[in-house]
Amino acid sequence: MKGFGAIAPNNVGWMEKDRPVCGPMDAIIRPLAVAPCSSDTHASHGGSGPLDHVILGHEAVGEVVEVGNLVKNFKPGDVVVVPCCTPDWTEKNMQQRGANNAHDAGLMKSFKLLGSWDGVFAEFFKINQADANLVLKPENVSIESALMTVDMMSTGFYGVEMADVQFGETVVVFGIGPVGLMAVAGTALRGAGRIFATGSRPNCVELAKEYGATDIINYKNGDVVEQILALNGGQVDRVIIAGGDCSTMTQALCLVKPNGTIASINFYDATDSFAYPAYLWGLGMSDVTIKGGFCPGGAYRIEKLLNLIANKRIDPSKLLNYKFEGFEKIEDAFKVMDEKPRDLIKPIVYINWD
Amino acid sequence: MKGFGAIAPNNVGWMEKDRPVCGPMDAIIRPLAVAPCSSDTHASHGGSGPLDHVILGHEAVGEVVEVGNLVKNFKPGDVVVVPCCTPDWTEKNMQQRGANNAHDAGLMKSFKLLGSWDGVFAEFFKINQADANLVLKPENVSIESALMTVDMMSTGFYGVEMADVQFGETVVVFGIGPVGLMAVAGTALRGAGRIFATGSRPNCVELAKEYGATDIINYKNGDVVEQILALNGGQVDRVIIAGGDCSTMTQALCLVKPNGTIASINFYDATDSFAYPAYLWGLGMSDVTIKGGFCPGGAYRIEKLLNLIANKRIDPSKLLNYKFEGFEKIEDAFKVMDEKPRDLIKPIVYINWD
Amino acid sequence: MKGFGAIAPNNVGWMEKDRPVCGPMDAIIRPLAVAPCSSDTHASHGGSGPLDHVILGHEAVGEVVEVGNLVKNFKPGDVVVVPCCTPDWTEKNMQQRGANNAHDAGLMKSFKLLGSWDGVFAEFFKINQADANLVLKPENVSIESALMTVDMMSTGFYGVEMADVQFGETVVVFGIGPVGLMAVAGTALRGAGRIFATGSRPNCVELAKEYGATDIINYKNGDVVEQILALNGGQVDRVIIAGGDCSTMTQALCLVKPNGTIASINFYDATDSFAYPAYLWGLGMSDVTIKGGFCPGGAYRIEKLLNLIANKRIDPSKLLNYKFEGFEKIEDAFKVMDEKPRDLIKPIVYINWD
Amino acid sequence: MKGFGAIAPNNVGWMEKDRPVCGPMDAIIRPLAVAPCSSDTHASHGGSGPLDHVILGHEAVGEVVEVGNLVKNFKPGDVVVVPCCTPDWTEKNMQQRGANNAHDAGLMKSFKLLGSWDGVFAEFFKINQADANLVLKPENVSIESALMTVDMMSTGFYGVEMADVQFGETVVVFGIGPVGLMAVAGTALRGAGRIFATGSRPNCVELAKEYGATDIINYKNGDVVEQILALNGGQVDRVIIAGGDCSTMTQALCLVKPNGTIASINFYDATDSFAYPAYLWGLGMSDVTIKGGFCPGGAYRIEKLLNLIANKRIDPSKLLNYKFEGFEKIEDAFKVMDEKPRDLIKPIVYINWD
């Protein structure tokens, strides 16, 4: 079968690979709509290690074409929403109370579609433990919105959950790319009061306001930290980092009150380092909690996110402002994501198999 | 000074009492707007014990007229929002991590305005520990919305906090009186998906929908539990009880899934009893958590609720659909609350001292 | 194969059944040591519904004799500790953050050994998802102590976890049968200060003290609630119910402070009902949380409990004061558990297959 | 009155100052036993900013000699245990649910005895909000053990609470000075399984074992991280940092599993900086939570710690292995703490006023 991915570091393209084999609990799926992600382009440049003939892509809505003999809840023909993170739920680590399920056998090991086997930019892809990891697409949720739950919304909302946002609190969200925008929307939907979001791209700024940001902070107008401290009259309750690099953590430490929380959903570069003076963490005494983690997976979470859409609490399809039609357009969509033109928020590729 | 309250059980009226004395941390306040509450009328009928010449009322926005010599943050002339629950923050019980502050020296002892001294239906009333318990009314929050934070919104939102509502969950709210309506609004604002609310009064039904209820369940259309189970295709994640009596707990137990939560913000009658068969609680095995508590107090919480209003996340002033002008109209407003005409949601009395 | 269990309500005995079939993720195990539990005898009397030719028993250490082709971590000959509760980890309910895993497809559905298929009082028994549900017995943990982790310690400690015991708090434990004794031990091991335990059997009283109870309350000396309130000079922080009936909940409500927690690990009778006046719950205002649930399952939890034993934090084998040798002695052990002679704490049956 | 403290950076000695004035909620206390702390010596060297004629000392048991007119629970002659951290409980920040009370009006502002006014190495010292901040010494707790609750035990146990240690988990404690030893004891008392503690001083090593450490890691035997990983066969569940410098955080990140927690109770130098590569934090994806904070204050907490001692769960007086008699010996005790002879754990000075 055909697939698009990383042939070698900094070299992406189409490749021919065997169709994945369906294990007893697996499903084989063909994509109906996919979205490239900055994790894909990051990986293609070797950001998380060298890749050799790996099909990329981990955001998909698709059609089940085959299921293993132990699968109970799905059958060929079902249209399913596919979490980007698909844990092996029988791993013992998964049984730790309160733990993020993203680390089944170890760090990020639940991210099967980028790490364990080939991704969704293919004619067919495999999902493990289908009953636990797939969700039937609800009739009253569009394919675009459904596609935006599997990583963008799940990751952005995880930032809100880690930050433990409480009613009426003041929150800073660093970054208003698609994940940051979902963090803004999730922060508003969780009951925050004032929401500062940092960014400068006009499309993203407009959408950030629509999703609930009350103040947009543009680095072109001066130091971001100083702007927020001045506008807010002091430090804030929570900071969510959805963009930037390791130095953003230093800014976050400047912004958050004693007893506050910093939640990072940013992917830092393998060559980057955190470096901040002890006094920014109150010499260790500030009770500022620092959290950071990967998008949780599984069907239950995606069902809950789909419930939000079905009940009209949020419309994540607004992220999708670059649209492509046809399997072969995955290449164009990938390039757009890699080059990030200034008006891009998030691309989608519709795949019509008929 | 004049005040309105309980002269004896089932006998309310005006009375003459001494103006309260201002202790070193206290403030003396004259009301600018007050709202009678069903706790007031309930108390007037002896629902929480006999009352003898007690001025009622615990929802007020007012003007500071005197402060004690240890008060740092307020001065005469300040317009303040007054939490209905004003703890003594130096009580040791208050230091228990995570505990509701409503119980400073014991059960509900922080509810000073109904229990420790006279309430707000008076020319002047006293608030303890003014620095910790008063909030300056923000310019950009109306007096009506500010008034609705001190009990209605604080209590309703506490139900949501106890229920620990998570993104996309399905929630039942029993009761759509003013507290129930705020529980509905808080549930939506916290990120729930589908929200069932029970009630039949047209005004309340309309407002429940506006605040985020997706399904209104009317007992006139059949058994409430059966209606919800049928519509939802099974049990729900959380139940908030904001109305009814002890038998409502039995209904809640029928409705909530294993591992779910029931949160009660209802005031049960002193003569009422809970009675439910063990099997409804899974013979003790269901991991359904039952919580119930009183409106938390203090300035910090009210500030956060005011932040929600200032940032246009909610407009609680929509509750106020009976409006009275003049100090002496407290009596009429109280009677309206006691008689609960079918179109009543919540009354307000504006008091113009000039 | 032979097995011992419920032939009909109130009729136990030996029966002949087919050896269980090993599915792809299952293990077939033969018991090396088993312990009857009051849940077994309770079930035999129809306490949780009628049983017809069901092999009982859910506490076992055993030897793996067969594994399914998808099992990675176990092989025939392995000696394993078997949790009494063995969830299907691929059920979607299991993905709810913080939920007890005991309710995979619904209420107590993870309790496969009493409900889904035959129990451990057999020549062979089946365990689902062996990799997730079995633990290799550590060399430095005795078979007796290992056997006591799978239900007694896991259940008793769950009471402590639900009660959320904090350093230095005062806790009441109702009941000092084997589960109650483990609740006492867990309460001490979690850092409680004063621990009241109710009971009268001399063996149990002695062991309760050894496990950390500071005060033993005997109902023969007067009302249990009054005794504790008098000794403690008021209400306590937490109550764990590990014995009694629905009326014990009423006692617990008398004993616990506002903001306290009641945690029940008791199995209530299907014909029993809770009945308590609203004022004991502060008319709904007390912020007393009521929790109750079933023994959580899975390998991770049992490993952690075994760690406690291996590191000499606790010795649960002290519970075992009736010892039987030989497969056929399961009948005698069961009868002892059913009749509960006054000196019984917990029986064990060693099964030597050679 | 006389007092001992910092005359100028790196210059300690006796000084004459006015006796503190007793405000309406204050108590004036004369010390009966005090203990110098490394925070005192650290401060004397300018570690948290320059000091000018400041009396040091914040660990004391004393006798009340005067109380303000609003104090209800204490009177002259009472022997009291004095928390090192004495918040102003009426500050609004204190009302944030779950927040550490150490930061009343801002970072560490509750640490009045080192920051707001003179400390306990004086003939008399002042405590604010006596009713909320003092505890009557229980008869059945020795003065030595009582003294060890106010900072050593409270701080060490806070590390355990932040680390959120669960039953049977494996924990590393960095540092076995007196705070680290209390962290070890608290970790064991909270129900951990295996406990690694790092250190080399024989006295401390012996006591660490007595308090529950299972493995002592000596840096002289090789890299600490490598030793622990080898002994444990992999990473651990929790790390508590109670010693070292900013580079210890890097070691902790090497040691803790995905989904684990690092809790720091260490005071970092104002000139120190954290510096760790992003990959040690899983490129931001590890879900490792980093917490750090200051000793919480107030009477409630100290009462709970005293309960542990009264109920014989722990004996913290074992820390005190340098004993001095007489007010003037504060100087010697301070020097011992500053010079840290190899056999020192913690000094005490008994002050007999008669």
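Here the chain labels run A, B, C and D in written order, and each chain numbers its own residues starting at 1.
Assume contacts are C-beta pairs under 8 Å (C-beta built on N, C-alpha and C of every residue); 3 or more make two chains touch, one makes a residue touch a chain.
These figures come from a predicted structure and were not determined experimentally.
Novice: Identify the chain pair with more contacting C-beta pairs: A-C or B-C.
Specialist: B-C
Novice: How many angstrom lie between the centres of chain B and chain C, each centre taken as the mean Cα position?
Specialist: 41
Novice: Mind pulling the chain D residues that touch 2 or more other chains?
Specialist: Answer for chain D, listing residues that touch two or more other chains: 93, 96-97, 166, 303.
Novice: Sort the chain contact graph into one of these: line, ring, star, complete or other.
Specialist: Graph shape here is complete: every pair of chains touches.
Novice: Once bound in the complex, which stretches of chain D touch chain C?
Specialist: Touching chain C: residues 157, 161, 166-170, 186, 188-195, 214, 303-308, 310-311, 313 of chain D.
Novice: Taking the touch rule as given, give the residues of chain C at its contact with chain A in the complex, in rising order.
Specialist: So the residues of chain C touching chain A come out as 24-25, 70, 89-98, 101, 129, 131-132, 298-301, 303.
Novice: Which part of chain C faces chain B closely enough to touch in the complex?
Specialist: Touch residues, chain C against chain B: 48, 93, 96-97, 99-100, 102-103, 106-108, 166, 246, 258-259, 264-270, 272-279, 281-294.
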